[in-house]
Amino acid sequence: MFKDLQIAWRNLWRNRKRTAITISAVVLAVVLSTFMSSMQEGTYARMIDNIVKFYSGYIQIHHPDYWASRSINDTYEPDSLLSRAIGGTPEITLAVPRLESFALISSGENTKGAALIGIDPPMEDSLTGLSKWIDQGSYLRRGDNGLMLAINVAKNLDAHIGDTLILLSQGFHGSSASALVPLRGILKFPSPQLNNYGAYIDLKSAGEFFDATGRITSMALLVKDYHRVSGAASDLRAKMEPRLSVKTWDEMQPDLIKMIEGDRAGAIIMKGILYMVVGFGILGTIIMMMAERKKEMGIMVAIGMQKYRLQRMLSFESLFIGFLGVLIGFALSLPLVSLMVSHPVRLPGEMAKIYESFGIEPVLYFSMIPKIFINQAITIFILTLLIALYPLLSIRKMIVISAMHGK
Amino acid sequence: MIWAVSWRNIWRNKLRSTVIIIAIAIGVFAGIFTWAFYRGMVIQRIQAAIISESSHIQVHHKDYLTNPDQRYVITGIDSVIISIDNLPGVEATTGRLLVTAMISSAETGSGVRLVGIHPDQEKKVTNIYDKITQGSYFESHRKTPIVIGEKLAEKLSVKLRSRVVLTLQSMDGTLTSGLFRVEGIYRTYNSVYDETNVFVRQNDLSNLIGLDNSSGHEVAILLSDNDRLDLVSMKISEAFPGLDTKSWREIMPEVSLVEESMDISMYVFLGIILAALIFGIINTMLMAVLERVKELGMLMAVGMNKLRVFFMILLETVLLSLTGGVVGIIAGYIVTVFFKHRGIDLSRWAEAYEKLGYETVIYPVTNLDIDLKVALMVLITGILASLYPAWKAIQLKPAEALRIDI
Amino acid sequence: MTKAIFLLTYLYLFVFPFNGVSQPTATEIVKKADEKMRGEKSSESTLTMEIIRPSWTRSVSFKSWSLGLDYSMVLITAPAKEKGQSFLKRKNEMWNWNPSINRIIKLPPSMLAQGWMGSDFTNDDLLNQSSVVQHYTHLLSGNDIVSGKDCYKITLRPKEDAPVVWGKVVLWISKGDYLQLKAEYFDEDDYLVKTESASDIKIMDGRIIATRYELIPADKTGNRTVLKLDAIKFNIPLTESFFSQQNLQKVR
């Protein structure tokens, strides 16, 4: 058998051009499918990143009853145990505290209900980029006693920058919460729903207002990308549960997952089409190679080589081709993809504007996670092996006499 | 003359030619199907949002959207609806009342958006009636039926025929309550929507709040074709300058974003397919040239000049591409049409998650114009791809070529 | 013989009715209890409300003025953070005055489900007194002793179109003085949702009334709200004009 391996190897190098062409078909398959996978994964990860950064963060830590009740009574004080737990989980890049509840906001004759969110202004900005949506007035500063409103809430209240507004709510343990606040800034979001939703005050002011000083409803965490979330979450859970509850973005927004899965399914079909095209590219070269060597193979069988040995030899050749092709493909796609990651391609004109209006960078995203490269390499290798069945079948059906005549 | 030679050459080696034709056909097919599939996906995403939430166009009192107060009504709403319905391109139109209210059950209460509808008309415009999981959509003749979302039913701990009380502000500002009974429970893919939107008959609601029947808050319009969106929007704004007309792009701009990003993905993908195709053709043609070394060497030795050899190969490729192109277009067309009616159900591939319903069925779109463009692109690609092999061919030295080479 | 019959008839017609031996109908009982509550034309009282939860308790004290069931004014006297706040109810509208922000706020429908001052009594409970007489059918279903008093037990079922969420309500009304001492509220599956009970029956300002009211939600263990009546004066000179938005800010 070892002899056959050697022969197979030498066969490949006997006709360099032919081998090169066949291997390059495999290389191409690997490079293109890796490129496409990388782009799909990158776009996907960026989409999740954008949606998650808009408000919820990747992970949130709550009082165990909070998610069901949303009550101001189910708040907690973040202590050193929590900060150590967060600090000890390296995937977490940012932890942003919030104290949020429902409140009535009143200006002049108008009263409207809204979500009142106590934030740490600079930290919130690092997570959600909130400050870039300021349309009028200014963004809150830490310790500020003022208020920011979403634009339609402000319009409904007929409130203008500098006006004093009244906040009313139910505070911690049922106490009455009331305060007078100046309107510091008005936010305008790209999505109309968000424009009807929120009011923001500084975290310290929120604590005083709700009689819940030092308490928060949630700590929102940012992770590098969505692949690291489950690792970080289970890490935190081990340290924090049952005292506090840890929820991930997909648990908090299950509808989002459904939408993404639907998209992913479409992407699979696209991959299927690509495999079909590149697969045929490889098959084409193999068919041509067989056609070209027909005479040679016919003679080999005629002088006594058993068909099965010929088949085995060809299988080894295919294995080598597959292996080399995948290896070279992998080696080529690595620098290509990392180039796309470090120097992403900007989208053209009109499309760029639409993306930017949503606060999303108008760029093609690529992903470098190892899973992509490995998966594509393996898939193409398997595809090559499947295609390698053709030569085997061809040998089986071969009629020696006709083969020797080159037919 | 050279055409005939080229054509015959092609068929002298059936295997080789078939391989190349199929390679090109696959490329054309892939391009056509990709475009059809992508457009199908985009349309499905948009349709899902349009048909369950915003419709194509909405009309309101001019102040309503900035300040959703139930006082901002459209008066004479019936005549507005009739004139809009008569516009070409409009599939169906319906009017609604919108009121914020508190819904309470024995268990608890919750703030909701109360929508007063005309069920028969509403069915033509939105597909909530299709998402009923229990009970029915205003088919009974009960006195005051209400249809609520599954999430809300859970929160309120109610089921079919349970009593619920709606408390809201009448038009004159006083609080008033009315009893309703749960007739149907629905479920969409948006659970926030399910928790906040409840539906009652418009008449029941207008009686409760003391609004006359000829007024309403919203007119929702469904078009037969999204392409007519801007045209119809403009006509409506012109016909009713005192009212506020908005298209779904303005109401749900994030869906527009989805459309744009999918277009980008599609173009990149087509680019990748073309790249694969070019290399595939180059490879196969190179292989073919290698195989024909003897024959080409012979031709050149016998006197055929290099330019003619070049053109001969080029022409062969053109003919092969044309044939492949035609085959590809036919295949693409057949497959697309086949799925166009059946739809491609993606839920099979949507890993572990339960069937999402209509949201996962894609209907590919056929467009002859695009099909031809794709075929043309592939053809040109095929021809360009053959340049290198053809050039390689004429580099052959006849003497070397004639040697028997295994 | 005829004389005996005549005497008996006389007794039956004129004497026995005054003894109240003939049983009143369920509806009459409920009506009397309801009238008793409404019939107190006006009152001024001081109360303490305790909100009890598994992990905390809060106490709120206030003064209250009322005219029938349609008009009432409440002034919070303790704790310090809430002192000075007042509430005005006119028929089914409620306003709140908060001195720290110097504003009158009218309660919108979205606040109805919220507990008043954080208690188990919702704003809706206080505003919408749906008529036990009008909206239900009544059935006398027995007798029980509640808070040391002999009571009629009456089962109420809502009429078809009545804007009430309960499937069933059971009331215990004391015989003789028609005080509603206990109420149980059930949903349509006959599942107990909440219980109201009155106890500590005393004589205040010449009337026999219960001075302790407890509201217990059925499925939140450890939660309840207790309302204690510290003092009450009946039939004080109050008119509808007392219950105004101007007075809301001035009342002490």
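For reference, chains read A, B and C in written order, and residue numbers begin at 1 within each chain.
In this section, contacts are C-beta pairs under 8 Å (C-beta built on N, C-alpha and C of every residue); 3 or more make two chains touch, one makes a residue touch a chain.
Everything numeric in this text was worked out from a predicted model, so none of it was measured.
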* Chain located farthest away, centre of subunit B as origin (C-alpha) -> C
* Asked: Looking at B-C and A-B, which pair shares more C-beta contacts?
  -> A-B
* Structure fact -> When centres are defined as mean Cα positions, the distance from subunit B to subunit C in whole Å is 59
* Please work out the Cα centroid separation of subunit A and subunit B, and write it as a whole number of Å. => 23
* Residue numbers in subunit A touching 2 or more other chains? -> 113
* Note the residues in subunit C that touch 2 or more other chains, in rising order. => 108, 110
* Structure fact -> Touching two or more other chains in subunit B are residues 111
* **subunit B residues within the subunit C interface of the complex** => 100-102, 104-111, 143-144, 157, 162-165, 167-169, 174-175, 177-179
* Flag every residue of subunit B that touches subunit A in the complex, lowest number first. => 13, 15-16, 19-20, 22-23, 26-27, 30, 33-34, 37, 41, 66-68, 111, 189-192, 251-254, 256-257, 260-261, 263-265, 268-269, 272-273, 275-277, 279-280, 283-284, 286-288, 290-291, 344, 346-351, 353, 356, 359-360, 362, 406
* Structure fact -> Listed in rising order, subunit C residues that touch subunit B in their complex are 91-93, 108-110, 112-113, 122, 124, 127-128, 158, 161-167, 185-188, 191, 193
* **Interface residues, subunit C side, partner subunit A - complex** => 51, 53, 56, 58, 79, 81-82, 85, 96, 98, 100-101, 103, 105-106, 108, 110-111, 114-115, 117-119
* Note which residues of subunit A are touching subunit B in the complex, please. => 17-18, 21-22, 24-25, 28-29, 32, 35-36, 39-40, 43, 47, 113, 152, 155-156, 190-192, 254-255, 257-259, 261-262, 264-266, 268-270, 273-274, 276-278, 280-281, 283-285, 287-289, 291-292, 295-296, 347, 351, 354-355, 357-358, 360, 364
